[in-house]
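Take a look at the following structure, please.
A, B and C are the chain letters, set down in written order, and residue numbers restart from 1 in every chain.
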Amino acid sequence: MAKVEKRGALSEDTLRDFFREMLLIRRFEEKVEERFRAGELPGFLHVAIGQEAVAVGVCRALEEGDVIASTHRAHGHTLAKGTHPNELMAELYGKLEGCSHGYGGSMHLYDVERGNMGANAVVGGGLPAVTGAALAFKLRDEPRVAVAFFGDGATNIGTVHESLNLAQLWRVPALFVCEDNGWAESTPASQQLPIEDLSKRAEAYGMRAVTVDGQDVEEVHRATIEALAHAREGHGPVFLHVRTYRLTGHYVGDPQVYRPKDELPRLRETEDPITKLRDRLGFADEEFEQMDREAHELVEASVEFAKAGTDPKPEDALKNLYA
Amino acid sequence: MATEIKLPRLGQGMEAGTIVRWLKSEGEQVEKGEPLYELDTDKVTQEVEADASGVLLKIAVSEGEVPVGRTIAVIGEEGEQVSAPEAETEVDGAVTEADEQPQEEGSRAPARDEDRARGKQASTNGSEQVTEIKTPEPARADGRVRASPLARRIARERGIDLGSLRGTGPEGRIVAEDVDRAATAPAVVTVADRTGEVERVPLTSLRKTIARRMTEAWQAPAFQISMSADMTRAVELRSRLVERVKEGGARPSYNDILIKVCAAALMRHRDVNARFADDAVELLPSADIGIAVAVPNGLIVPVVRACEVKPIEQIAVEARELVTRTREGKLRQEDLEGGSFTISNLGMYGVEQFTAVLNPPQAAILAVGALDERAVVENGQVAIRPTMTMTLTCDHRSLDGATASEFLRTVKDFLEEPGLAL
Amino acid sequence: MPELSYREAVRDALSRAMRQDENVFIMGEDIAEMGGSMGVTQGMLDEFGPERVRNTPISEMALVGTAIGAAMQGMRPVAEVMYEDFLTLAAEQIVNQAAKHRYMSGGQLKVPLTVRTQGGAGWSPGAQHAQQLEAWFAHIPGLKVVFASTPTDVRGLLWSAIYDDNPVIFFEHRTLYGLKEDVPDELEPIELGKARVHRQGNDVTVVAIGRLVHEALGAAEQAEAAGISVEVIDPRTLLPLDEQAIVDSVKKTNRCVVAHEAVTRMGFGAEIAAVVQHEAFDYLDAPIERVGAKFTPLPFAPVMEEYVVPHAADVLAAIKQTVARGD
């Protein structure tokens, strides 16, 4: 599927499309919170409310053959990379129809056909494999790029440093997208990062680094396109330092006692990427409501699909261990 | 349509929460996502947002502890009628307040408890196989006696030969208990001082099987018919057969003759060579006759196959071989399966007549008593004849009195005049 | 029949694979110009070039993790971790990632990765450079674990490990690198999961791995002189384990000794003993004896090192112990 490279501004239609995708992610995540509270979704859930523009801006810039690896906060990336909400919801419900067939759950979402090499529950755990995938592309002379998502907290762990170091050393076609939302679970940046500008971490390894406003989907998209070109042309990996906001708790149910009381309401006012894009595109209320209805319908349908899905047999646990 | 607001489970292990105060009053407009009330969950006090938009029609619980899932308010359209939900401001006795409920990530998702139960059950089902009760075999072909290390040690210490023991452990292995039992069984019965205690002999697996099958048999509606046969000709037949047997060979017994006679009779009365099968009576093609063999603590019925085509000499050899193997505990499952008729003989104990219990699903079983000289009436005169009484127990679901009687008559006739069986 | 050392046999397997298959490449610390700290990859840089014989920085997590990523994209990388003690650094990637991608994705992915490493005491390396950690990885569902003890075995098994579509942790033993043997002209792949009977016997089965295979064979000779007939089996693959071969042997001999250089407690021998106990319960005439290192880190002073580590004499003592008891 050939994709015309967009230089310069994105068309209204494309932005509308991005908006729909971001809205879908938002409604999906809200539904996930609701279903969790109803006691239907087991395990951990980490929703990406507030970070939709990063997921959509990056993933929509990718071409066929590019791959991503995500984090514990993977729903947004997974949807933006093309997995249908039905399959994602079914996975959260632990059904065979889920994208990981019930074996992975929220933090181990895989959709290999669509280039999703898996979400990782170990902070920084997926980065070395992205370096490796990019190495494979380079050795085989393929014009593909491997993209890793991770947070600001992850930039403290050894795997990330080793991966950046090696990726730059070997000049592999990789993109390291750091979603800097200022929080590592309950620990604010001030308590875990001795520096403020995380792009310096990449520069320390000699890697090209770009800082981006993660709440502006156009800016994210543009920066990604440029970074991809850089990598594809063999100039080496790029570190995208994306400043974004987590407009929700670390996990669903997190009372966020550690967060200053006024922060969330203020951020929701000023930093909601969906509101920003909506304002930018100037939708009439009816148009927005129509889109919202459609998003809700898709999400409701995904819950029905999931609930009607097939439970694995207990003995299915013994399958898929070895190739 | 009004929406009931229920207390949400905000974290793993949260069973209840305490409403501190409401941030909206009854009658006020509420937007979904707006903070609605303050909730205290032991570790933290937090604002909880409204799940729906509309008018706060009713506050069911104004303050205090509420279990998770309880309706605490109703939001709907202005003027909607709301039936007061079971508003209990009292805390249920079942909800304990003392429990520490730390805010934890993740949830067990109580709605999935059934799934968990299913997985758990499937997991243990696989390992709790009910094994078939196998005929115990203490010695195997390679000469190794299967016994646990503990059993060996006890046997060694007490000078007991393992080879003489029957095992009741896993897979018929001899275990310590088996050795203990052997060690304490005295050869002579002494008159012990009666303290009046009841000795409880636990059922061996063999006894359990017998008990189960006999109970099963008892459920079939059964009737019995008896006849006595003049065994004069049978006695002659036997001595002639014995003469022909080589040194060391199997000497045909009256039981062997009886087996052959019954087989011939069964082929003439096919209705008796049958078994009950719920919705049909299966007439079997061959007379596979089971012979009841007493073993210590029980009764086992190995089967001699196709008796209708085998000569008495061959039946004698096979029957003897089966009895030997039975007593040595070397029977195989196939020796016990598929019989069409059974003969039980208590003649050697001097029993004149008895009634055997059916061997389900077989249609009939023949109980045979002792062969005795008895006074009989012949042509108005008293004569002495070797006589044997036979009692046929029949499953009334498969057989009627007339058919059974005709069969038994045939058996009697054949015994009294063997040539009739040709 | 050429004579190859264990070291040369490893190199031979790697080289043959790389010659015929572009997807195979090797990476590790100091493997290029230096030819590896154990000299295993000597000459390979010249033959295959720096793209396929890649030196890495001292980054075990990235080293193994990158290999995982390349494997997930369909290549067959062979990553070398210089000392198996350093597997501890790469363990997160091996255990949490490589072993689990296939399962967590519901079967969508394969990780055809081979991690080669080595360990072994006897040269005063000190506690952090001589551990034997095969038991750790045999405990992880999703991995395969191989530990070859002869040149022929290591060559055939490494080939099979490279072409197995699952992550394989391939243990080599330092003191065996110089061991020479006649090997077949052509490389004969050896199936994973198949044990090898080195020596037949009737009185006791010795199951040994790594260096202890050779110690066991030495002990068996001495036992023979004392009238004890010893069967020596090398499982070669620890996961999946060839339980059948081991159990069949014990059913024949009625006695069992397990031997490895790793610490006895919680070592791989415990798993073998449990399997034998369960499957051959009625055939055992004596308790199963275990031979391994004493429960300490490896001391430096040679006199202490030799005390801690097991030798042929320990295997012989175990053999005699099992034969002394019996019905």
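By definition in this document, a residue touches a chain if its C-beta (ideal position, glycine included) is under 8 Å from a C-beta of that chain, and two chains touch if they have at least 3 such contacts.
Model, not experiment: these values are computed from the prediction.
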Report task. Take each protein chain as a node, join two nodes whenever their chains touch, and name the resulting shape: line, ring, star, complete or other. Result -> complete
Query raised in the report: Most central chain by CA mean?
Result: C
Query raised in the report: When the centre of a chain is set as the mean of its C-alpha atoms, what distance in Å lies between subunit A and subunit B?
Result: 59
Query raised in the report: Distance-wise, how many Å sit between the C-alpha centres of subunit B and subunit C, to the nearest whole number?
Result: 50
Requested in this report: Go ahead and note the Å separation of the Cα centroids belonging to subunit A and subunit C.
Outcome: 41
Query - subunit A - residues contacting subunit C, complex - result: 67, 98-104, 108, 110-113, 117-118, 120, 122, 125-137, 139-140, 146, 158-159, 162-163, 165-166, 169-170, 319-323
Report summary line: Given the complex, residues on subunit C that touch subunit B span 282-284, 327
Report summary line: Interface with subunit A, subunit B side, in the complex: residues 8-11, 41, 44, 46, 51, 103, 105-112, 115, 118-119, 121-123
Query raised in the report: Okay, in this complex, where on subunit B does subunit C touch?
Result: 144, 146-147, 149, 152, 173
**Report entry** subunit C residues touching subunit A - in the complex, by the definition given at the top
**Finding:** 25, 51-52, 54, 56-57, 59, 61-75, 77, 92-93, 96-97, 101-110, 112, 141-142, 144, 165-166
